[in-house]
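Read the structure below first, then the notes.
Chain lettering (A, B, C and D) follows the sequence in which the chains are written, and residue indices restart at 1 in each chain.
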Amino acid sequence: MKKEDMIVRDNREIAQDIYEMVLEGNLVGEVERPGEFLHINTSRHSVPLLRRPISICNTDKQKRQLTILYRAEGQGTRLLSTYSTNDTVDVLGPLGNGFPVGDVSSGETVLLVGGGIGVPPLYDLATVLREQGATVITVLGFSNKNVVFYENHFQKLGDVYVSTIDGSFGYSGFVTDVIDQKKLSFDRLFACGPVPMLRALEDKYPNVKGSLSLEERMGCGIGVCLACVCHTQNDPDGSDYRKVCSDGPVFPWGEVVL
Amino acid sequence: MKKEDMIVRDNREIAQDIYEMVLEGNLVGEVERPGEFLHINTSRHSVPLLRRPISICNTDKQKRQLTILYRAEGQGTRLLSTYSTNDTVDVLGPLGNGFPVGDVSSGETVLLVGGGIGVPPLYDLATVLREQGATVITVLGFSNKNVVFYENHFQKLGDVYVSTIDGSFGYSGFVTDVIDQKKLSFDRLFACGPVPMLRALEDKYPNVKGSLSLEERMGCGIGVCLACVCHTQNDPDGSDYRKVCSDGPVFPWGEVVL
Amino acid sequence: MSRVNIDLPGLSMKNPIMPASGCFGFGEEIGKLYDLNELGAIALKATTPQPRYGNETPRVAETASGMLNAIGLQNPGLEKVITEQLSRFDTIETPLLANIAGTTMEDYEEVAEALSKTGKIGALELNISCPNVKEGGIAFGTDPQLAAELTKRVKAVSNIPVYVKLSPNVTDITVIAKAVERAGADGLSLINTLSGMKMDRNTGKPLLANSVGGLSGPAIKPIAIRMIHEVRHQTELPIIGMGGVSTLDDILDFIIAGADAVAVGTANFINPFVCLELSQALEQSLERQQINHLYDIRPKEVHLR
Amino acid sequence: MSRVNIDLPGLSMKNPIMPASGCFGFGEEIGKLYDLNELGAIALKATTPQPRYGNETPRVAETASGMLNAIGLQNPGLEKVITEQLSRFDTIETPLLANIAGTTMEDYEEVAEALSKTGKIGALELNISCPNVKEGGIAFGTDPQLAAELTKRVKAVSNIPVYVKLSPNVTDITVIAKAVERAGADGLSLINTLSGMKMDRNTGKPLLANSVGGLSGPAIKPIAIRMIHEVRHQTELPIIGMGGVSTLDDILDFIIAGADAVAVGTANFINPFVCLELSQALEQSLERQQINHLYDIRPKEVHLR
């Protein structure tokens, strides 16, 4: 983990309010697994005060560069969208545990399911899995056509199914509808997206091998403040817990309460 | 008075921590007299929260431009120094009453005394007085050589004497020392600078015709909040007062308590 | 009926927005910038029986997302307020909320009685919470019994509704709120400023001449919201909410938390047009979202009035 | 003797900087980032007799120059703190300030006695000011009699100095400070967080699961400074000052205002290296200015200790 002023190499809108930012710095050398995240200080003053957790979408260790995708929505992310090339950003990272790609054997079929702004970490994940010889199927869900992104990127790595809730792009409905419709079968499932999506997947596949990546409001991002805890599913006295920032954000299927 | 997003046309360091900024906007058309000031919001967020009062140093109504000079010192002015050409700045102004240039007749000799960052408004003042046919003598005091600015500008408008407290540039000592040494004589005195300087001048010339420009910490800048009041000299029951922002910042010689 | 008009005791407001006391003077300066009829109401600067110069300068200091002030209730005194300030509003329909302050109960009574008799004031706002004057005011704001007695006495001499402006510098603001409610207050204003201090590193002493000042601005908004929420669940009185309001979202937050109207203080110093702009933005926003009335944005259980 | 070392009861500090309780856990995570020996002291996360999960999430929310937290005293409980957490410090010389909390006086006694017996703790810090747990704690912090009695009882079972951490959510903090001083406290910590709230405009409800949270960060600094200044002039006890510290200037302000040491809370979340960086910056700054000792920056009249 490093705290570094990373250099912005690019920052552009790739879909409605969705930005792709390329950052350069030594921190890239420490990224180990897809699913790790950065904790970004979007200002040099005290408004906004807290850092923003954003997943690493892709890394290029040789260039010392990584890519993040974010939705400019609240105060911090909107501010981030105003950064220009060659500006520096105060970044803490890489943080979190990432997806257990080491568990995946060559030849396995892995289903990746991403919803909205949960899609970014899956891109790095798909890349690594392919390199490891796995077959990757990706199902991406967005709310509508205007906020669809990266479907072409994923297409280079395997079959891709995109759905939108309003049907304005790709299949109509939720990601689970597409999985049903297409009768997708797989050996392992990795998912990242809104909690209702994750819950629907867990209900549908209670016993699948896999992991999911969670979001929670954070303070420190490094396990100190206990802002980001969640309950574990198997916890009789209610005192057991996981920290999303340092025990997660990726958890084994069925480990934590969604 | 306008609230306007003015466009930065230039912003450069002209002496140590002293910046010259050129701003363009319709507000320039409302400037009436030298000594008026702008109230500048140096950020779009709440840190710093309050506006900063900065004197208008020069106006060019045809170009809709004005110049300000400021010392980058605290949080707000340091932030101002980071603005680039074509950025916009949130400005309220022009505010305050300015120097009573209408009182000055052609042929009068006017002594302008400026100290440190009190010098800027005198430049516009000198220009106008010259246009009105007055003879202008300027005495400028700075703490040292590194922070001397605009002496060349003033030289085009009349005799200029520069002093520094440490003697590293021009005459050594305070402005009052220079006035003594050079036996300067004049019909009217306009001054702007630190309170000790203004007090020394008032003590020295209790009955001169003239005005001085005051500084005080401000809230609103428009006379609403009563942050910037000062006592009047002739005030038996202590309840009389002037607001520096709207009754001033320029006051007749001897009117207010320094 | 519009989407934004509201009726509070003594204040029939075309929209829920008013400048907060002390942040608008007596309307003279900002009245030159826009038509004061656009405002929901106007809270006037505190009036005391006699003229007051207030504290020495510096009177303001800046803090993170906030400011400290120690004006010290400077005002021209009751007589001049009536003769010189109130006539400005003769042609303006916006109801006035006259903020009154003093050192003794008699002071409050005197100002309340005289102002209510002018017929020009919609309601009174008892400032029992100014942290910047040593002699008094604040004691009435921290002691529920004193607050209640003062309220009773002022009510007895006033023929217009009386709001009590509460201090946030207390252990439990609901105790004071309930005390003044029982004593007959017609409404509450909250919050006044929090008592704070800034040091001057050059001198090693407090920066403000008065040492202590009142903290206002965005920094205090979470405290204001918490107190309004608490008070809303403990009294039936209408609440004029304030503390750090500067955007449309702030106004919605205050209304959701339980305020019935919203006052804007410090933000007027950064943008003298802010009250006008906010009232326009609020109406437009509700129209765009087709919300019939502002109060419809509240969750049901908060909708006490 | 260095320019920055200070001696407080139970805490022999190589510099005046310590992380504030709850903002550093039990040192596990930040201990991997830098050598904890560089710190003046370490305030540990609150310990209660039994393990606590704390409140539901969301537990944090952002405000202007501040944040709200409602962690709810989550901690592994006394037994595990002793067996699993304290051994981490066996090789570290930095003195520990153990923050203790509970619902009853017996809770505090139990934790105080057990922790002081470990021989690993320099001093205890009674958290009588957590605004985020309904059952207790905060009552001890707002009632001078209860605060004094608790202090006395904890002192009776502890063989190490006892600091009392005061709540800012009170009408007059000096009353509590004097009460615990008379009851035998060895020092004071102030301030804890201010009780605040943020609304969720989507639901119309408070954003935090616990509704109310504690406000910390730069926004509260002026309130902290004011309270420290007040308490400094009313008691002789050493003061650990905190509330919004994140820069070297903040530290100087707290020392000038009357704090004897400074704790850094929220700033650790923005920069986990902040305590280390501040302690280095402080020493360098005094050296550059040739100030022999930190306390020499205080104006004489503040220099009570």
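Heads up, the rule we're going with is that a contact is a pair of C-beta atoms (placed from the backbone, for glycine too) under 8 Å apart; a residue touches a chain by one contact, two chains touch by 3 or more.
Predicted model only: the values in this text are computed from it and were never measured.
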item	value
Path length in steps (a step moves to a chain that is touched) from chain A to chain B	1
Chain whose average C-alpha position is farthest from chain C's own	A
Distance from chain C to chain B - Cα centre to Cα centre, in angstrom	36
Mean-CA-position distance for chain C and chain A (Å)	47
Per-residue overlap in chain D, given as positions that touch at least 2 other chains	63-66, 217-219
For chain A, residues that touch 2 or more chains besides their own	46-47
Arrangement of touching chains [line / ring / star / complete / other]	complete
Residues on chain B engaged by chain A in the complex (per definition of touch)	43, 45-47
Touching residues on chain C, where the partner in the complex is chain A	64-65
Of chain A, residues touching chain D in the complex	1, 3, 41, 46-51, 75, 92, 216-231, 238-239, 241, 246
Of all residues in chain D, those that touch chain C in their complex	63-66, 68, 142, 169-172, 194-199, 201, 203-206, 211-213, 215, 217-223, 225-226, 229, 244, 249, 252-253, 256-257, 297-299, 302
Chain A-facing residues of chain D, complex	22-25, 28-30, 33, 51-54, 57-67, 69, 71, 74, 217-219, 246, 266, 268-273
